[in-house]
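In the two complexes that follow, chain A is the common piece, with chain B as its partner first and chain C second.
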Partner chain A sequence: MEQLLINGLIAGSLAALIAGGLALVYGVLGIFNLALGQMVLLGGYAVWWLHQSVGLTLPVSIVGGLLMAGGLTWVTFEVFIAPFYKRHRFLPLVTTIALGMILDAAMLLFFEARPRSILSNGKNIMDIGGVRLSVEQVYLVVLTVLLLCVFAYVLHSTPFGRRIRAVVQHSHAAMSLGIRASVLHRVIFILSGVLAACGGIFIGIDQNLTPVLAFPITIKAYAAIIAGGKGNFWGAIVCAYLIALLEQLVIGIEWFGRFYIPAGYQQSVALLFIIVFLLCRPSGLFSFKNRTA
Partner chain B sequence: MKRLLSFLSCVAVLSGCTGGGSSDGTDPIKVGYLGPLTGEATSYGMDTLNGVKIAVEDINAEGGINGRKIELIAEDGRCTGTDAAGAAQKLIHVDKVSVIIGGQCSGETLAAAPIAEAAKVVMMSPLSSSPDVTNAGDFIFRDYPNDALKTKAMANYFKEKGYTRVVLITENTDFAMAFRNSLKENTGADNFVLDEVVEPGTKDYRSLLTRLKGKEFDVFFPNGQTSATVAAMIEQFREQGFLQPMVSHDVAQDKSLLDLAPKASKGMHAINVPEVSVDSAFGSKFLSKFGDAQASLAFAAHAHDAMRVLAAAMKEVGTDSMKIRDYLYALKGHDGVVGRFRFDKNGDVVGIPYVLYEVKDGAWGKVADIPVD
Partner chain C sequence: MSFLLHLITVTCILLPTIVGYNLVFGKGKIFHFGQIGLQILAAYPLWISIVLFDQYPIMGLLLGLISAFVAAWLLAWLSFRLDPDGLGVMSIAVHLSALNVVLNWQSVTRGALGVPGIPRWSFLADNVSFAIFVIVAVSVWCVFVWLLDRSAFGRKLQALSEHDWYAEALGISRKNVHIVAFLVAAGGALLTGVLLPQYLYLLSPTDFAFPAMIFVVMCVVAGKPGSMGGAILATALLMMLKEGLRLLPLSPGVVGPVRLLLFGLILLGAVWYRRDALFPPQREI
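Moving on, here comes the complex of A and B:
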């Protein structure tokens, strides 16, 4: 049982990284970014490339990878989002699908179909009271939680964060108070890309990178933000962990001491989660915190 | 709408014209290639396509088939049935190829087979090993051995080692599922402690493996479609502290598995077709042209030999499908890169042996030959 909780924590940290940024983008701009999974993978691949091919040390590679991911998301925003989203918020839905296809092909071209792992020498396993996990996983989980806490601090306790929240709640009202919403739109979008890239690095260290992983990642992140409530950063994070934990429990537990649920159903958990929430609480688990203007 | 229709009929007439006049004896012979050029299994597609390309270049450099050059047309099957069926339709009815090399994934071959069969076009797969391909049709051949034989060899190996309690995790693809069914048939369904099927591409096996805590078993069989998933399986298996031996098949015996899971793969076994050395004539040619094989040089060699044996057939009997088919069934033996082989009455290859491999010092090494009865 403890092992299942740890497994859920590992999987949930990955999901939370990706869903967190997405929640802000969806909350602020009201747009769907369907190239999110590809951005996740590109972040991972960039670090793999810097670490394994260029030969930089891991910390430098990670910083470099995040910078590259930030740059890419900025370009993405200017080319695929900015010209469209003000006309209609569904237009980026189409443009980001196109972007996703382009990135899929680009990854195959530059990184080949071979699966890649960021670390070249296996993991160091440790055993804490019957629960087994690797040192790398401890780093990943701790860093993720730390990153999310920093994010929360900035969002809730700094003037900059207050401006972001203002834009999240009502973009035009915020603008009328002198907040430069268009700049913040870019900042938020780039941040979401960087968080996504962190997720890719997580995958590249904990599992391995393959170019076609993208779509399931996107779906899971959307499940978390729908369940968490529109634009609710914390709701998305909590739901990401919740979905991941459920996924582990569903197949790890011997239900009623009699039978196991076949492992093939694990991936349906996220989808089932969306359906249940849309039926019972269409505005999300934490929607009551949202103020409407 | 009217304009569109007339345009379409115009195109149809034009394409009919170009397709019709292909028998004057000097224009190229069209050969179709069908395999995963994008998607999770791209490495198989790249290797086999490159193998075919080497054969085509050599044949054309030798002056072609009775003076006619080979024109290779490659289509993407994405390792899925629907894409492969579309690609086969295009190769047969639009490009009007004489023969097809493909599919690579068993799912591709099984979906394309009825289309090739109906159009009476000979199709030869260099990689599909699913037992279902055996009865896929009269025009369907393969120069890669049937998994029914491999699972038999594996069942014997389990018996020899005294492995009676097997843990099996299978990725839900045509190839891996067929392997699972065939293995269960040969090993006995009661011998499986855990037998789970996961969605293709799953990378998180931790909780599934948690179920094994406190259970007794002898051997773990990661039955994945790609080395990426097998790597995740074996790494998380060792992570959870299980020390049991691991045995797998063709997919695992791949260099990339050792890069992905250098510690976990130590001592792992695999039963596979014989390797093709990079020092061989074919190996060095492949290396200088395309660099390292993305999955395995043996895959490329099987694809190369498929092209070669089809070229030999067309040289002998021309491009008539019936005659090519009959030539292949009657063939006494073809000396290819992978050895001397022929085809049985179902179009399955005969003459390719198996080898037991083990990971030693960070590389796959041969342990023993496994005879095929």
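Moving on, here comes the complex of A and C:
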């Protein structure tokens, strides 16, 4: 059981990184980005390429990968989002499907379908009270928590964070107070892309990168933001951990002492989350009401 | 010649589901991405009961029909209850859940291997007679949907897509119209689910993966949403491109990504070109 909880914590940290950025984007722009999984993987692949092919050190490769991811996200916004979302906020749902196909093709052409790991040497596995985990996993979980804490500080304790929250609550009211909402839209979208790339680096270090991972990542992130209350940053993060934990428990527990659920059903947990929450509580677990005068 | 026959047959087989979907997504502007999910729910009960459980074809057909219609009715019900984007995500989730069950319930569905040995009627044994049968059956279906589209039902669906409150104020029942549109889409999914496995002699889960849904969306968007003729033309052209890429002197590892890249660019271009048809601005006096 302890092993399952630790596995849930590790998988949840990855999902929280990705879902957090997505929740902000939904909160501000009200759009769904169905190419999120591909953007996650491209961040990981960029670091893999810089580290394994170009031969840069890991920290430099990570910085380079994040810069590339930021640039790609900005181009994505200008080409696939900005020309469409003001016309109708549902159009990007279809354009990001197109983006997902293009990024999938790019990954298959440049990095091929075989698994790629950012670290070439084996992992340092520790055994703590019967729970097995690697030193890299500990670093990743701690770094994720630190990153989220920094994000919390920026969001809630700085003028920049106040501006973001103002735009999330009401774009037009924020603009009338002198906040440049269109710039913040871009900043938030790029920020979500960088957080997604962090998730991709996490996957590349902890597991292997393959293009087939993209869609399950997207689905899990959407399950988290739907269950957490669309646009609610902290709700999405809590639900990301919850979904990851449930995924581990569903396939790891011997049900009624008689049988195990096949591992193939693990992805169904996120799908069930989406279905159950949209049916029973469409506003999510942590929905908030817009302030009114 | 055999390639041309294959192209015509495959295009015609896909038309019922695309034409049905065009009614829901193209004309009705209902954000439904579960058309291939409906196809799974139609095809699997039908062919599993016939091939693996030795039931009569009529019994299998009845099972497929009931299964697809119940799922379509549920999706229609959800379309009244959820926001459009919520319905979009929900319908994707329903599709992927059905696919997940198909892939993992191996004792019944044979998982990723699919169900081989799908029978054809004896008079359709050769590909020419099968193609003729498909063309006739699909033409009948398309005429039915065209008549429906031109009828009062089509006008009601269009009115609801433009402004549902105003339409309801004029006495149009959103529930009834949406349910009929979804049932027609399910009928199309059933027809494709009957014909495609027969043509391939195989019921394969790879034919029901999410890229198949993207292809359906692309055909509707590229052909002008709501236009039946446009959807048919776009399906023919896109299918020609899809199958024609096999003839290029490219390695199999490159053909797939090149196809994805091309289709992604086409979808983006189609949405950009059709952005006003996909979500038209409100008419003003």
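Methods note: the second predicted complex is superposed on the first by the 287 of 293 C-alpha atoms of A that agree within 3 Å, B and C clash if a C-alpha of one lies under 4 Å from a C-alpha of the other, contacts with A are read in each partner's own complex, and residues count from 1 in each chain.
The rule we apply is simple: a residue touches a chain if its C-beta (ideal position, glycine included) is under 8 Å from a C-beta of that chain, and two chains touch if they have at least 3 such contacts.
Note that the structure is predicted; figures quoted are calculated from it, not measured.
In the superposed model, A:Thr95 makes contact with chain C only, not with chain B. With both structures placed on the common chain, the touch criterion links A:Ile219 to chain C but leaves chain B unconnected. By the document's definition of touching, both partners, chain B and chain C, reach A:Gly264. By the touch criterion stated above, A:Leu4 is placed in contact with chain B alone, chain C being left untouched.
Within the superposed three-chain model, A:Cys280 lies out of touch with both chain B and chain C [touch as defined at top]. When both complexes are overlaid on chain A, the residue A:Leu108 reaches chain B and chain C alike. Chain A residues in contact with chain B (one complex) as well as with chain C (other complex) are 104-105, 108, 112-113, 262, 264, 267. Put simply, chain A touches chain B in their complex at residues 3-4, 7, 10-11, 104-105, 108, 112-117, 120-123, 125, 127, 132-134, 203, 207-208, 210-213, 216, 247-249, 251-252, 254, 260, 262-264, 266-267. Contact residues of chain A toward chain C in the complex are 32, 80, 83-84, 87-91, 93-95, 97-102, 104-106, 108-109, 112-113, 215, 219, 222, 226, 262, 264-265, 267-268, 271-272, 274-275, 278-279, 282. Those residues of chain C that touch chain A in the shared complex are 31, 78, 81-86, 88-90, 92-94, 96-97, 100-101, 103-104, 210, 214, 217, 221, 253-254, 256-261, 263-265, 267-268, 271-272, 275-276, 278-279.
For chain B in complex with chain A, the residues that touch the partner chain are 38-43, 45-46, 169, 172, 196-199, 201-204, 206-208, 210-211, 213, 226-228, 231-232, 235, 238-241, 256, 259-264, 294-295.
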